[in-house]
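Below you'll find the structures, each written out as structure tokens.
Both of the next two complexes hold chain A, though its partner changes from chain B to chain C.
Coming up: the complex of A and B.
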């Protein structure tokens, strides 16, 4: 009876009942809290460490004009961009191989590709200390071979931060490129070849352009995840390699300066959201969901 | 042509080596008998694993992570499955917006998500607690569950449900007898996914955890600050075995389940 009346009213309640726990959680745990960051960013921290309820632009002025923050922001974007580009260049090769190679190991390669997602981020990050550290694999090998007399300090610089990020982000990139390569109609490259293209030309003119959605989705994911990290720089970076999220962590957890931390995290959010918006305007957010199928 | 393929194959092997070699080294070194846990290896030993079990802080962190992961996976899978059902089975106004809202927690950088939730609870005068940690993990894993379950649900044909309905089953019976068994693999996948994500999480956890409470990743992180000890490698090995073996087990279970169902 209720079903009939609600259908007469042109309104089906059932999906909303199913959705309500999830939507309620998102609202309570994300949407409303996000509004609170906005409010907090206009508050002030008094000398005693308490929050002062007010409307002040001081935090914003500090965050937007202090060259210290600007430099770290630029550094963050640079590290994220370099990691993303490296991932794209390095990740295309295995993605192409899995999608097209005449191999019996396709399933195995795909399963292996999923494996890093199950191996903890912190473990993958710290594993590089065992490789590049003073008593790590590389130094031990070089010492053993007599090529060096004492261990080289290879860790704790921007390069190792990028290395750690690439190691963490690469599976996301490979998976996204693979999904888009796998969806390309094979007869298109065959047509190009039969019309006289070389293998390389067919790749450059047909396959590569058609895989751009995957490349773009992978790049967006890598960039956003890379630019928002603070663990990698803390584990693999030196004192000068802090990224923007480190500032947020420092302000909120160490200094307990909540208003400043709010302004900093909003700035990070604004930059990365702008990127996501531009992306979804041109390519649609659905591409990212595809890699879950 | 074959030369190109050889190059591509070589590149693929190198990239896979790059992805797995460091973790393999961690696992190798955790069996190292050398007292500094570094190269060169001086023989195999289980001493670091024994020390792990004897370390109260680590055992406690492990228990915390297990409980947190289990609760997260139950709560977020329940919500995620219901939401995914609504998204796949019904058409309603504002669906696109809802879809974005459901995956919003992974579109927002995790740091910002962490700060937002923390600030809100501070405003409500609620101190950091295990509950906050749990809520944080739930909201962070929800989108993954929704995406995974949605992807599986699309593959389940509507016909079976309609057949049951036309044979006189009501909506609840249809769900219990038809939809739920058919989507059990999807539910399992969602549970495993949210469990491992929660078990591995460190970015949000460092913000949310109350003082004195550690999960396995934050414990490893705290230990890293001193120096890299062989104990960390052993803990890493345990964690890898745990988070890799579990999904493989789950996948095998799911395959058996679906084999049994199609076998009927």
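Coming up: the complex of A and C.
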């Protein structure tokens, strides 16, 4: 009893008090709705579209055994992975440039980086129709230059879906890498150079490894956001470019099958959570925080 | 005391020096949190209050020029006469709207501009229908009887909605690439002509797709005998397709930008494109699809207020203005109402008022197959 009392006396309640608004919000706005979705996934849909309150594993059996869902899931993960890799490759250079830019330019560059967030994601996605469409800017320019005789069909395929996703995700990647690069002690690269490294070797041996936390955090964020999108394939994709979130949308909205839609959304959630766990196991989730230190 | 008053009083106390800065910020944060937590339940209570209070009626429609016409010709005079405010909402699609209604509290949504008999039956099946007192809607006498009958059949002779307009889903084609004669000769098969591979569009909606696939396989869409042939035809169509479009705006963009040359399309949308100067032809092929739209009163609504609003919306002046705005003929019987040339020249307009030349979905047949077919189409659409 004395031991418990002394342990309670030593218990610091301040972190919990400070965290309580956030914990309460997460519980009310995330955990409880997620539990509703879990309950829904065991219900069934009647022929009229109404929900039948029961306990059935039919929806789970269907989503876990039907190859249709598996194939779309694999396609989703592939598109998300390709988009993430493209973001990492394309995003590293601007992040590096911003991190090493003079301070007076850095603010402007960061503002420019944030600029796309001021425009709706849907509008940004639809803007590609005016750029890559048959009557779009690229085709018009090529026709005007005499490089082509008739417009090239560039839209509504997997490449344009990935392009749309990269457009959406790139600022997240750049920001994460930038924060990581900005936190690197400049004297480390100077030391490497003074010990005989070339500029490329100093980057490869010092800067790149130290920026991995930012790269990894950006990749995780981009992958999770990319795998959960449905607007981009709907606007820029062709008949074969559906992603998993499109199936959730169809089940919930078109087929009015909320129980099946719940099971599908939970499957995607479980898969992406597993990915975060794997990331945490091999890279350590604290690496994400490190990139912001 | 409302939240604004509470915060004003808090600020006053801070300015008077009754509380320090830290205390003020703490209380402000607590007030914000309280508002956030209480907001949801309070909103629910407000919804209940709205349902019970006929001072307000909510109407949801397709937006754009149609809503503008409703606002100018129906809602404003209705509010002036009755003192009841009309809350004007919009939706992007019937399925999306039904999902919202299903998730709502009774009375939150009142009147909706819904598509077709099919949706009427779905709402009735979900126990969302009402029984209108037709004595309160004298303008219902002006509405084509043929359009009312399918509704009455579903709801045991009563009405939960009034028919409002009708149109067709025919075939639109770019005249630079397809002549009128060619379109007429090919009919529904134009949508699966391999010559236009990569230039064909299609509405990603299972009923319309299956209807046209039935025509392409020589079957009666309201009595399909060989469903395998239909699925195979849909796969054939998908292989030729550039894109399944999902909205009228997207359809118009694809046609206007010449991304696609042929697609099925809504008569009113094609008329709008033609008015904009695009050389787009429109054909209702033999067996082509017609539909009607209605103003549906949802369960839990203040009935008398809704019935009065429906009567306003069926006033010939209002219905004609809406028809001119959306390019679809009104449900008004041309034998009872003198319709202007702007309406009689609309595509799909039936001067006889019998609508015998048009083909509608059989709601019993399509609803009985909805669960299986919509799911299977979702798979065929994705290449399975």
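In this text, the second predicted complex is superposed on the first by the 247 of 293 C-alpha atoms of A that agree within 3 Å, B and C clash if a C-alpha of one lies under 4 Å from a C-alpha of the other, contacts with A are read in each partner's own complex, and residues count from 1 in each chain.
Quick note on the criterion: a residue touches a chain if its C-beta (ideal position, glycine included) is under 8 Å from a C-beta of that chain, and two chains touch if they have at least 3 such contacts.
Remember, it's a predicted structure, so these values are computed and weren't measured experimentally.
Novice: Do chain B and chain C fit side by side on chain A after the overlay, or clash?
Specialist: Because the two structures are overlaid on the shared chain, the partners are seen to clash.
Novice: A:127 contacts which: chain B (first), chain C (second), both, neither?
Specialist: first
Novice: Classify the contacts of A:254 with the two partner chains as first (chain B alone), second (chain C alone), both, or neither.
Specialist: Only chain C is touched by A:254; chain B is not.
Novice: Which partner does A:262 contact after superposing on A: first (chain B), second (chain C), both, neither?
Specialist: First partner only, chain B.
Novice: Just checking: does A:272 make contact with chain B only, chain C only, both, or neither of them? Give me first, second, both or neither.
Specialist: A:272 sits against chain B, while chain C stays out of touch.
Novice: Could you say whether A:33 touches chain B, chain C, both of them, or neither, answering first, second, both or neither?
Specialist: first
Novice: A:135 in the overlay: touching chain B, chain C, both, or neither? Say first, second, both or neither.
Specialist: Both partners.
Novice: In the overlaid three-chain picture, which partner chain does A:240 touch, first (chain B) or second (chain C), both, or neither?
Specialist: After superposing on A, A:240 lies in contact with chain C but is clear of chain B.
Novice: Figure out whether A:230 sits in contact with chain B (first) or chain C (second), or with both, or with neither.
Specialist: first
Novice: One more residue to check, A:18. First (chain B), second (chain C), both or neither?
Specialist: In the superposition, A:18 touches chain B alone.
Novice: Report the partner of chain A that touches more of its residues: chain B or chain C.
Specialist: Greater contact footprint in residues on chain A: B.
Novice: Between the stretches 2-10, 20-28 or 362-370, which region of chain C is in steric conflict with chain B after the superposition?
Specialist: In the superposed model, chain C runs into chain B at 20-28.
Novice: Following superposition on chain A, which residues of chain A contact chain B and also contact chain C?
Specialist: In chain A, residues 21, 25, 129, 133, 135-136, 234, 252-253, 258 are touched by chain B and also by chain C.
Novice: Touching chain B in the complex: which residues of chain A?
Specialist: 12, 14-16, 18-19, 21-23, 25-26, 29-34, 36-37, 40, 90-91, 93-94, 96-98, 101, 109, 112, 115-116, 118-124, 126-131, 133, 135-137, 140-141, 144, 167, 170-171, 174, 199, 224, 227-231, 234-235, 245, 248-249, 252-253, 258, 261-262, 265-266, 268-269, 272-273, 276, 285, 289, 292-293
Novice: Would you tell me which residues of chain A are touching chain C in their complex?
Specialist: Counting only chain A, the residues touching chain C are 21, 24-25, 28, 45, 47-50, 68, 71-72, 129, 133-136, 153, 155-156, 234, 237-240, 242, 247, 250, 252-258.
Novice: How about chain B: which of its residues touch chain A in the complex?
Specialist: 1, 4-5, 8-9, 11-12, 15-16, 18-23, 25-26, 29, 36, 38-40, 78-80, 82-83, 85-87, 89-90, 92, 98, 100-105, 107-113, 115-120, 122-123, 135-136, 138-139, 142, 146-148, 150-151, 154, 196, 199-200, 202-203, 206-207, 216-217, 220-221, 224, 228, 232-233, 236, 239-240, 243-244, 247
Novice: Name, in rising order, each residue of chain C that touches chain A in their complex.
Specialist: The contact residues of chain C facing chain A are 29, 33, 36-37, 93, 95-96, 98-99, 102, 122, 125-127, 198, 206, 238, 241-244, 246, 253, 257-259, 368, 370-371, 374-375, 378-379, 381-384.
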